[in-house]
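Chain lettering (A, B, C, D and E) follows the sequence in which the chains are written, and residue indices restart at 1 in each chain.
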């Protein structure tokens, strides 16, 4: 009870601080200098239509590399945590959504479509909304569906791990290539920028985003799988 | 609009924190934290929003030349993307921990996990 | 001042005079004490007889080297004290070896005999010696305090540490004695004096005959003789210091005899009047009465 | 500026806060998780309104989708191992 | 030069590549991990080297080929390179250390470790605030993973609490970041500095940002989670968590703080100091080693934060100071955690097992010394510079708080060391994994190397190039030799050093030099009686002598202070060797360090911030600050001389030390304090504070020390304790003499310096020898030893005659000068106290000789022999010296007399022929000796003539006058020897001082006990603490807008 009261008081004061943030907030009338720079130069420098993508993959590529690493880490640790504590034998599957005939059939039909959609999302990341993360998540949802449909199903951890590692390594390697061939680490101009608006344009951005997509998909999958499966291998 | 979004974001943060501070069930704490981080994301995006402008995508509607005057700030969006993914990572990790804790202690009550103290 | 060989016979002469006078003094005081108690007292030459007897006795007993040397230390202390202090002011004959040191030497040399004695008695191994020693040392150190303070007050007063110069400063009528120029110091010193004279009421450690606890009990024959000799010399030596510091010193032997006698009498009188103190009582006595006076005397100089 | 987005935003805000309160105060954990997912879903709509389609997609896919499933998987494991109580 | 971004590339690449390996190829995976870490370390170190030597310039690393702030950029400067080296090396060594755990858990955990180190490097490198957040999250998550390496299941709970708290932190951080961004239009940290944030209404945003970063530093009280991790995580990881994570987080806070402008610095200072003090106090109550280390880590980081809070005044020295503290902390803490990993049990006493492996003890001591900032480690130089800067800018309060905290820290750390050294050790030597031990040694060596570098960087002489210190440390290398060979070398070293340096000494230095070096060598003669290897004796002993040697030649305040600390540490280790000396050594160290800090403060005040200050320039200190300088320095020196009030360490320390150590720490070491007092009074003279003449106060202190020291001595049953208390009294005399501020007073003090060295060494050696033979130091358990130990008896006899000042030995000379000196002094009351103490000294001295050597022999002692030859030899040398010095005091004192005459106008003594004359009296030692000798001989011959047939008779053959003792044991009257005195004066002995210091210690402990209840162990409560911390600071800062 005291804790609740104390929490309320604390949060009220914090809320006051937040309130003063909101109250003092004046929306920018025009883009600040960083944003303006991106608005003006993204197209020229990276050849990407989607400025957010350009920022994520190139200008703030280091963030994104870190982000991917976060997922990599989480996947590794979750696997680690759960491999420590295997569930008692015979109690497997989530037990939440009992798989039915319909689900299984639907799954067979849907999974290829979903995978394809995911790939589409990250390949077009530099042109349209969406990209590696969203695409990766979509890939993982295919995996999720498979898991739900057949909890007993085994996936190749090796495969997932390989996809994860190879895409990660390639990502890092591309970054280094930027350092060597172009202006700096993760510079996308190691490949020609191509024609603005085309699929194969914007230098290495589609490539990198695809790698991210694969990697994120693999990581999500491995995470889901670790949580779902009770035994490794 | 911005004010609504931002206020909502902050309220979500406060609600989330309140939940995290008062629910003793570990899973519930994690749930509360996801709410709080959703709130953070809302705040972040709303900071970047500028009334009357469009998304920062240079398609046919927004030619490169007029981008400066017609799109909103893309940076917060980029940041939020990162934040969301990281949030998921942390949530997954906490869930894994929660499960491990449960396996060891057979409880999800955080107030009972106090063997380390002082 | 420097040393000349002639001083040795002179010093021996002084010593002899003091010794003979001391014997008589001891006897007289004892006799007075007896009379005051309604007894007849000893004969005049009794002390001589006792001494001679003890010197003549032979002993085969020793408890070890310190036991053997204890009386020697003791008497060295007594004799040395006499010889380091000028006996008769202005007399070349009776200057003794005062040039070797000054008042400070006299103050500290007092401990020499005490230390040796205590060591000797300690080696005897008798527990009662140890008891006597601790009592004696405790009381003596407490009694020394007012004395030392008073002495220092005097040396501050005269701005010198040389006994001869202090005596010189008191010449010219008895009003220039310290007794009158600095009475508080004298009172303090006299309180200390009572304590160091090893007489009643401050003689519990000495083992007077009825309490068989104390160093002298352990010693016998020639050992005892040496100690008795010291008992005769030492009070005189102390009184000489008092006389020099507080009572104008003595310019010739008659004055010397008179003053020493009178000062000695003080302690005898007190001894007759007061019952014997326990040691912690006497420590408190010195600390409560002697010490503040001593401090006062130093402060007001 | 038209009023429609504004009203929508207001409605969304109310819905989100309500869902969040449910998530925090609900008695059943399952409900809480679902409510949290709902908050996320509403948020992604809000992001659309805020002209952030990328964020909206991500929030929908990751925030409300994957996260919710992660919760269910873990809760499932816990339930099976005897921690049925919420 | 390889770009620093490859630290990140290699770390990540290797982590990803690990996924390609088969899970069963663990050796390969481990090799890959190590290789990656090695490359990362190599890159960092090569940058550090290049930047430090000037071969490279600070470099910005661009990403995406775009200039900042539009793309993320990284920066390598000197600070970054240094911290990167710390981080990557910690990672490398910890990985080696964690080998077993990593191999067991497989490649995933190795990847996590790699990413952790990569993330920490990223935190250091990045100049982008959001990138910082990303790296922070990576750090958090990898921490969550590495916590799992622990065998301790509680670590899971700790990890979860950590995650809960970091969630709160990231919320604050993100909110802070976005609003900062909104105000700045940039995420680049360097842009912030260009435009102060508060001016743009972003104060609150910056506040939240700062709070989030500060919370990562685990500030008190929002740090329960960190402590739980420290306690339960694998020590190999805790090393990273403390050394590397702490370092990175501090740097992040510093980076951001640097942009915020000076108005944020007080906040950082406050948080830092509060954390430093509170955590150190809390650590007092810890008995779990890792949790204790955790508190210490938190405290140290708090200290660094406080230093960061001073960056506005530290200028160029900021890196040197903060870096010094940070690196010392990192190396030491990593090392300590690594050591804790080879120890199986968690209570502090379990560290006794280290004793079976002496090099580990050396490493342990090294780490502790680094933590506390003792010379010659970086923290020492940093502390020195920091003190001067703070004082220069008038931030004395900050400095005082820092010093108090450091003192408390030293308290619990060295208490721990004491436990480890003194408590009962297991018999069986445990098997240590060689890899782990190697890592620990590597850390220790790095620590020494860092010390060397910092010394080289300092504007002073490098302490690690100081000859005496090198020699002392050299003894560590020859510890394997037999004790006797080392002893020869030690004596030779002292003599050679004296021979090399005496030419430049002035008479004062000469006297102290002879006592320190030659005197030390003579005491070392006694050490020849020890056989075997005597591990752990020579290095500390020589360290102490090295400190003393450096002390007398010190010309600047820095050299003096360094020497002071060196001799303090050496003597502490030396004292600690005694059987039961654990608590006493600790209290010695506490008082000494407290004193040293007072000295530091004093010097800093005197220098006014412009170190170095020549000692001679103390004379130029004037104005309001001068008396305070005087007071501080005097307190510092008086802790060493154990003046009353600061004395409670001395009796135990001196009494419990070994037979040949007691004379070293008593006869020799105490003089260091007097030397300091000499210098102080010589340069600063009389100072007045609030109208009181401070030398007058000293006079009182000296007199009280003399009286009470002596009074306490007479009631001791323990012979060495008695001597120890007597030292207090003796030092009181010397202090009194000095404080008189006249020629003769100083001469007397010098006389005491010489005499006290000789007779106290002599007595401690004799008593030590006796105690060695009898197996007890209680006097009442001895008795009658004169026949069995005649030489010891003679030594004690001569010693006590000298000490009590009874003519004709040289002690009398001291008294004589004393009386002459006070003739001109105007302070009469304290003088009286000194008078009182004289006879009392006589009492305890008599007791010493009487109870040990006289009286009846105990049955169990009937077979004893005299003390060992080597213990007797120096005693006989002292006896010979005392006799010689008694006759010819002029041989030492004449030159000094003339030297002192340069400082005082009044006349000294005249030394004509064999007579010494002052304006008040005269003293002729030779004549006194002859007269007394003659009388004594004559009387002795007389007695011989009368009683020449006396033979030794057993004591029990005496006829008891009243009774015959029933049991011989009961007849030795020695217990409570001066009972009447106690009854009369006992009230003076109420242990007020002990109670006072005891009350302070208790209060601290109670505070700790009470406060640590804050840490309930509940993760939710910890989250509340975090919020409380933020909210309270928000309110304190007055609701920043």
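Note that a contact is a pair of C-beta atoms (placed from the backbone, for glycine too) under 8 Å apart; a residue touches a chain by one contact, two chains touch by 3 or more.
These figures come from a predicted structure and were not determined experimentally.
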| item | value |
| --- | --- |
| Count of contact steps on the shortest path from chain B to chain C | 2 |
| Partner chains shared by chain B and chain D (touch criterion as defined above) | A |
| Graph separation of chain A and chain D (steps between touching chains) | 1 |
| Most extensive contact between chains (C-beta pair count) | C-E |
| Most distant chain from chain B by Cα centroid | C |
| Chain whose Cα centroid lies at the greatest distance from that of chain D | C |
| Distance from chain C to chain A - Cα centre to Cα centre, in angstrom | 106 |
| Averaged-CA centre spacing for the pair chain E and chain A, given as whole angstrom | 54 |
| Chain centre separation (chain B, chain E; CA means) in Å | 50 |
| Distance between chain centroids, defined by C-alpha means - chain D, chain E (Å) | 58 |
| Contacts with 2+ other chains: residues of chain B | 7, 13, 17-18, 21, 47, 49, 51, 55, 57, 75, 77, 79, 81-82, 84-86, 88-90, 92-93, 95-100, 103-104 |
| Sites on chain D at which at least two other chains make contact | 53-54, 58, 62, 66, 70, 74-75, 77, 81 |
| Touching two or more other chains - residues of chain A | 3, 7, 10-11, 14, 18, 21, 25, 28, 32, 34-35, 38, 50, 52, 60, 63, 66-67, 70, 73-74, 77, 81, 84, 129, 133, 223, 227 |
| All pairs of touching chains, each written as two labels joined by a dash | A-B, A-D, A-E, B-D, B-E, C-E |
| Residues of chain B defined as touching chain D within the complex | 1, 4-5, 7-8, 11-12, 15-16, 18-19, 23, 25, 27-28, 30-32, 34-35, 38-39, 41-42, 45-46, 48-49, 51-55, 57, 72, 77, 80-81, 84-85, 87-88, 91-92, 95-96, 98-99, 102-103, 106-108 |
| Parts of chain A lying in touch with chain E, wherever the complex brings them together | 3, 6-7, 10-11, 13-14, 16-18, 20-21, 24-25, 28, 32-35, 37-38, 41, 45, 58-63, 65-67, 69-70, 72-74, 76-77, 79-81, 84, 161-162, 164-166, 168-169, 172-173, 175-176, 178-179, 182-189 |
| Chain B contact footprint on chain E (complex, rising order) | 130, 134, 137, 140-141, 144-145, 153-154, 156-161, 163-164, 166-168, 170-171, 174-175, 177-179, 181-182, 187, 224, 227-228, 231-232, 285, 1012-1013, 1015-1020, 1023-1024, 1027 |
| For the chain A and chain B complex, residues of the former touching the latter | 3-4, 7-8, 10-11, 14-15, 18-19, 21-22, 25, 27-32, 34-36, 38-40, 42-43, 49-52, 55-56, 60, 63-64, 66-67, 70-71, 73-74, 77-78, 81-82, 84-85, 127-129, 133, 196-197, 216, 223, 226-227 |
| Contact set on chain E toward chain A in their complex | 3, 5, 8-9, 12-13, 15-20, 61-66, 69-72, 105, 108-109, 111-112, 115, 118-119, 122, 126, 128, 130-131, 134-135, 137-138, 141-142, 144-145, 148, 175, 179, 182, 184-187, 201, 204-205, 208, 1020-1021, 1024, 1027-1028, 1030-1031, 1034-1035, 1039, 1041 |
